Structures are given as structure tokens and as C-alpha cells.
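Read through the structures below before going on.
Look at the two complexes coming up: subunit A is in both, with subunit B in one and subunit C in the other.
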Partner chain A sequence: MIWQLDLFLLTLVAICALATVSVRGLLSATITFAAYSFLMCLVWAEMGAVDVAFTEAVVGAGVSTIFFIAALFRSTTRSPLLIRGIDDPHHFKDQGWKVLPLILSVVTGVLLFYGMSDFPAWGDPNSIPATRVAAHYVENALRETHVPNLVTAVLGDYRGYDTMFELVVIYCAGISVVSILKQENL
Partner chain B sequence: MRELQDEAKLRMPWQDVILQTSVRILIPFIQLFGLYVIVHGHYSPGGGFQGGVILGSAIILMALVFGLPASKHYISENTNKVLSVLGPLVYCGVGALCILCGGYFLEYSALNTIVPLGEIQWHSMGIFLVEVGVGIGVMSIMIRIYRVLSSAGTIDQGL
Partner chain C sequence: MDTVFLLAALGMMVSIALAMIRVVGGPTVLDRIVGVNVIGSETTVLLLIIGYLFDAVSMFVDIAIAYAMLNFILSIGVTKFFLRRKGRTLRSDKS
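For the complex of A and B:
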């Protein structure tokens, strides 16, 4: 892990995240969100989680961007902020309600950062998860499954139920999109 | 976006030669790469999920450039429906077959009683079968979501 590269990528990630939230047009927000996904993909590839990076590049930056654009194409690209009008006098009147979510998210963020201090250091070989189950996979997966890619061995064999229900979740997502939008009989 | 939608209605017979030619050349390579990612998941990053999304995005690209009817000609709506059920069915079927052969659910080495390849080889083979199921399911579900989403539920005319 090269900390200079990490710092650079994470700065860009933060900029893209802020741009996604603050940009006015929803089409621009979608594109900046795709850029955010690609940068996250780079961060993961740089951390050595190549499979996760691959999934992020294919799903997060690729297909989900197309889905967002397809959904926008059938609705409107104007965010509610723009429709109500930033110069609308009521817009600033109910600003007071936005303080509560701000406080809530800041408190949650501080708590998360506090909890993060209990994590083992990145790549620490003596941490508890690395010494128990991960060590078993690294030592035995190739002998027990003949699959050199440990991630595939864990996903397909040791954690087969996880992957099965992931597929079921995707299937449910497809079914729910179809059942909400489809106009003919199924 | 309103202008874009009107413009899309006008260019119903897609006429962009550059786009069509480049995509016609690209699609076979994208599909080949998707298959490679699925079957080579044992040795390199990737697997059923990523490969399935790549295969699905090839069809989505076809639908974007040549129109939804052209992609329906390639994979019809009924085929896609069957494939989207087949994916989870292959996965659960492999698991159930393991029970029928006297093992636990998804214990691939039990399949050795049907085809004697060796118990450890069956672990590798079982992972491959399961990944193929994941690939088929994810591909058809991605295509299905795109078709329904882009045509506002009618599945006759896309973006």
C-alpha cells in the first residue's frame, strides 16, 4: 500500500462524493457517481482486493450507471432542489429542519471513526481474523478444492450458501423491478 | 432531457453508422471476455457474477445502439425469462444433487458417486457449475432490469 497514492485517490473519492451530492442536474450526478465508482475500484485494486475492484468496475461504474440513466430518461433530470427553486422564499424557511439530520450524521460519523480505532491494522498478520479462518483458507484451500484463486474457492465452496442467496437477492431485485414497472401481464 | 427524449423518438430507425459499426465489432469481444471471466474465475480475478454482468452489458449495449427490438431478436423475452429462472435453479440444483448423492447441501465431493472424477476434482468442478449458474442468472436479470427500466414497462421500445 502506497500512502501517497491512497491519499490522492481518497481525496478524489471525497471530491466526487461531494460533487454527486451537490450538483444540480441529476444526469451530472449520475456521471460523477460513475467516476466515484471507478475511483473506489482503483482504491480496492490498490489494496489488493482485485475481485472486489472488478465487481465495482463492472457493476458500480458500468451497469448501474446505465440503469440510472435509463430511469432518468423516463422521468426528469431536474432535482427537487431545482424544481422548488433555490430563490423560493420557503426554501430557506425550513432550513431549520436540516440541522437535525446534520447533527445526527456528524455524531454517527464520529462514532464510526471511534469504532474504527478497534480494527486491526491493515494487512496485520497477527490479527484475530487473519490467524483463525483466513489462515485455514490460505493453507488448505488449494489442497482441498484445487482452485488457485482463493476468492473463488471461498465464494463457491466454503461460503456457498452466501453466494447462493446473493443470487437469490439479485433475482428478487429483478422480480421486484419487473413487478413494479411491467404493464402487461407477467 | 425532454429534448433528448424527443430526439430519440425522431431517430427511431437508428442511423449512426460509426456507432453501429464499432459496436458490431465490439460485441463479440465483450461476450468472449465475459465467457473468459466466468470460466477462468478459478485462476484469475472474476467469476460468475462479474462475467454474467459483462455478458449482460453486451446485450444492453446492443439494445442501446440497435434498439430494443434488435436485442429482443437476439435474446427473446421468453428465453430471457427462462434463463433468469435457470440461473438460481442450476445453483440450487447442484446443491440438491449433492443431497441426493448422500452428501450435505453444496458438498460437491458427494457428486463423485455419479461421475468418478475424484473428490477434490469435484470440488473444483462443482464451483465451476455453480459459477455458470450465477453467470446465467445475473446476465438475464441485468438484461431484464434494463429492458423494463428503459421502456417504462412496455418492453417494446427502449431509449
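For the complex of A and C:
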């Protein structure tokens, strides 16, 4: 963990998140959200979690942005305010701050920060998750599974059934999305 | 040598921040798209630099390549949206 990079990255991530919420127009918000995902992927990679970073790059930055744009493209609303952020007197006006969602999100944030105090320190070898099964994986995975990458060994061998049925779920979801998008030419 | 790469990473960060100004403030949607594209390209390089700092470049090369591809797909997807709207979306956001 390199603190100079961390400081810079997390500042940019926070700016991006605020911009995503506050920007006018759904298309702009989608694009700002893609930038947020790109930076978040850098944060994961910088913490050494390359696999999570890979997932974030594929799902967060790539697929979900395309899905958002496809949904925007296929939505029947043609309000310029909603899609592009242009004021149109014939459509509804921006209603300013919404108090109840603001209170809800602040309370949720405070609760999450409160729950975070129970977490072990980053990279702590004596934390509870690191002292139970992890040691067995680290010591025996190569001999038992002959897979050089530890994460792949756990996902594809020790938790093979779990991963297989996850793949089934993702496959079904993919078929549904494709069949919905296929109805009319995108 | 690590210091050089760290400084290079910080330089890339500054240039990401400059592109971010366009993404956050840019008057039209096209400015934001180009800004995100620039951020994606710079992130590819930054990932490799981080890989070097961790002494595990071979692990980070894969994700950097996937990243570059996704950046490309993202731009194509957004541009396709614009293609269908036939240039009606090119006006400014802020009316």
C-alpha cells in the first residue's frame, strides 16, 4: 500500500462520486460513473487485490456502463432534462435537495463507518479470517490442486461447486439480458 | 529506481486529475466521454507502474490489457448511442 497514491486516488474517487450524484442528465451521470469505476479499479489494484480489480474493471467500468447506456437508449422517456440535463419548460423541474433520502444515506453511512471499526487492520496476519482456513490454503494448495495461483485454486477447486452454480446464475442472467435486448435492434 | 516509478505514478495521477476536470465540469457530454477515455488510457499505464512497485508486473499486465480493451468498448458503446441520436445530443448540457 503506497500512501501517496492512496491519498490522491481516494480524493479523486470522492470527487467522482459527488459529481455522479450532482451532475445534470443521466447520460453524463453514467459517464462520470464509468470514471468512478476506473478509479476504483486502480484503488483495488493498488491494495494488491488484482482479482477484485479485474472484476471491477470488467463489471463496473465495462459491462454496467454499456447496460446503463442501453437502458437509457431503450427507455421511452424523451425528456431532455432526464437524459441530457437540459431544462425544458414542458417537463418537470429540478426539485432541489430531497431531505428524506439525504437523511437516510447519511444515517446509512454513519452506520457503515461504525461497523467498520470491527474490521481487522489491512494485511493483518493475526486477524481471524487469516488464521483459520487461509493458512491451510497457503501451505497445501499447490500440492493438492497443482494450481499456481492461490485465488484460482480456492475458486476453481476448493469452492468448485459454489463457482459452478454462480456461473449457472450468471449464464441465465446473460441469456435474459440478450433476449431482452434482441427484441428490437439496438 | 522505485522512487522514479513512484514519481512517475504521481505525475500520471496529476494528469488524471486534469482529465477529471473535463469529466466533472465539461460542458458537453462529448467532453466527458473523451475525458473518461483519457482517464482509462492513463489508468492502463498506472496499473503497470503499480505492478512494478509491487514486483509483480506479470500479474498486472493481464488486467492492464483487459482494461485497455474495456476502455475501447466503452467508447464504442457510448458513440453508438450518439450515432443513433443523429447529432441531436451534441449541444451543451447547461442549455
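Going forward, the second predicted complex is superposed on the first by the 150 of 186 C-alpha atoms of A that agree within 3 Å, B and C clash if a C-alpha of one lies under 4 Å from a C-alpha of the other, contacts with A are read in each partner's own complex, and residues count from 1 in each chain.
Going forward, a contact is a pair of C-beta atoms (placed from the backbone, for glycine too) under 8 Å apart; a residue touches a chain by one contact, two chains touch by 3 or more.
Keep in mind it's a predicted model, so treat the numbers as computed, not measured.
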item	value
Which of subunit B and subunit C A:Leu150 touches, first, second, both or neither	neither
Touching partner for A:Leu142 - first (subunit B), second (subunit C), both, neither	neither
Partner chain(s) touched by A:Ala130 [first = subunit B, second = subunit C, both, neither]	neither
Which of subunit B and subunit C A:Ile66 touches, first, second, both or neither	both
Which superposed partner A:Leu27 touches (first subunit B, second subunit C, both, neither)	both
Which superposed partner A:Ala35 touches (first subunit B, second subunit C, both, neither)	second
Which superposed partner A:Leu12 touches (first subunit B, second subunit C, both, neither)	second
Partner chain(s) touched by A:Tyr171 [first = subunit B, second = subunit C, both, neither]	first
Overlap of subunit C and subunit B interfaces on subunit A (superposed complexes)	27, 50, 53-54, 58, 62, 66, 69-70, 72-73
Residues of subunit B defined as touching subunit A within the complex	1, 4-5, 8, 41-47, 49-50, 53-54, 56-57, 60, 64, 84, 87-88, 91-92, 95, 106, 108, 120-121, 123-124, 126-127, 130-131, 133-134, 137-138, 141-142, 144-146, 148-150, 152-155, 159
Of all residues in subunit C, those that touch subunit A in their complex	6, 9-10, 13, 16-17, 20, 23-24, 29, 32-33, 35-36, 39-40, 43, 46-47, 50-51, 53-54, 56, 59-60, 62-63, 66-67, 70-71, 73-74, 77-78, 80-81, 84, 89, 91-95
Sites on subunit A touched by subunit B in the complex	27, 50-51, 53-55, 58-59, 62-63, 66-67, 69-74, 76-77, 143-149, 151-153, 155-157, 160-161, 163-164, 166-168, 170-171, 173-174, 177-178, 181-184
Subunit C contact footprint on subunit A (complex, rising order)	2, 4-5, 8-9, 12, 15-16, 19, 23-25, 27-28, 31-32, 34-35, 38-39, 41-42, 45-46, 48, 50, 53-54, 57-58, 61-62, 65-66, 69-70, 72-73, 83-87, 186
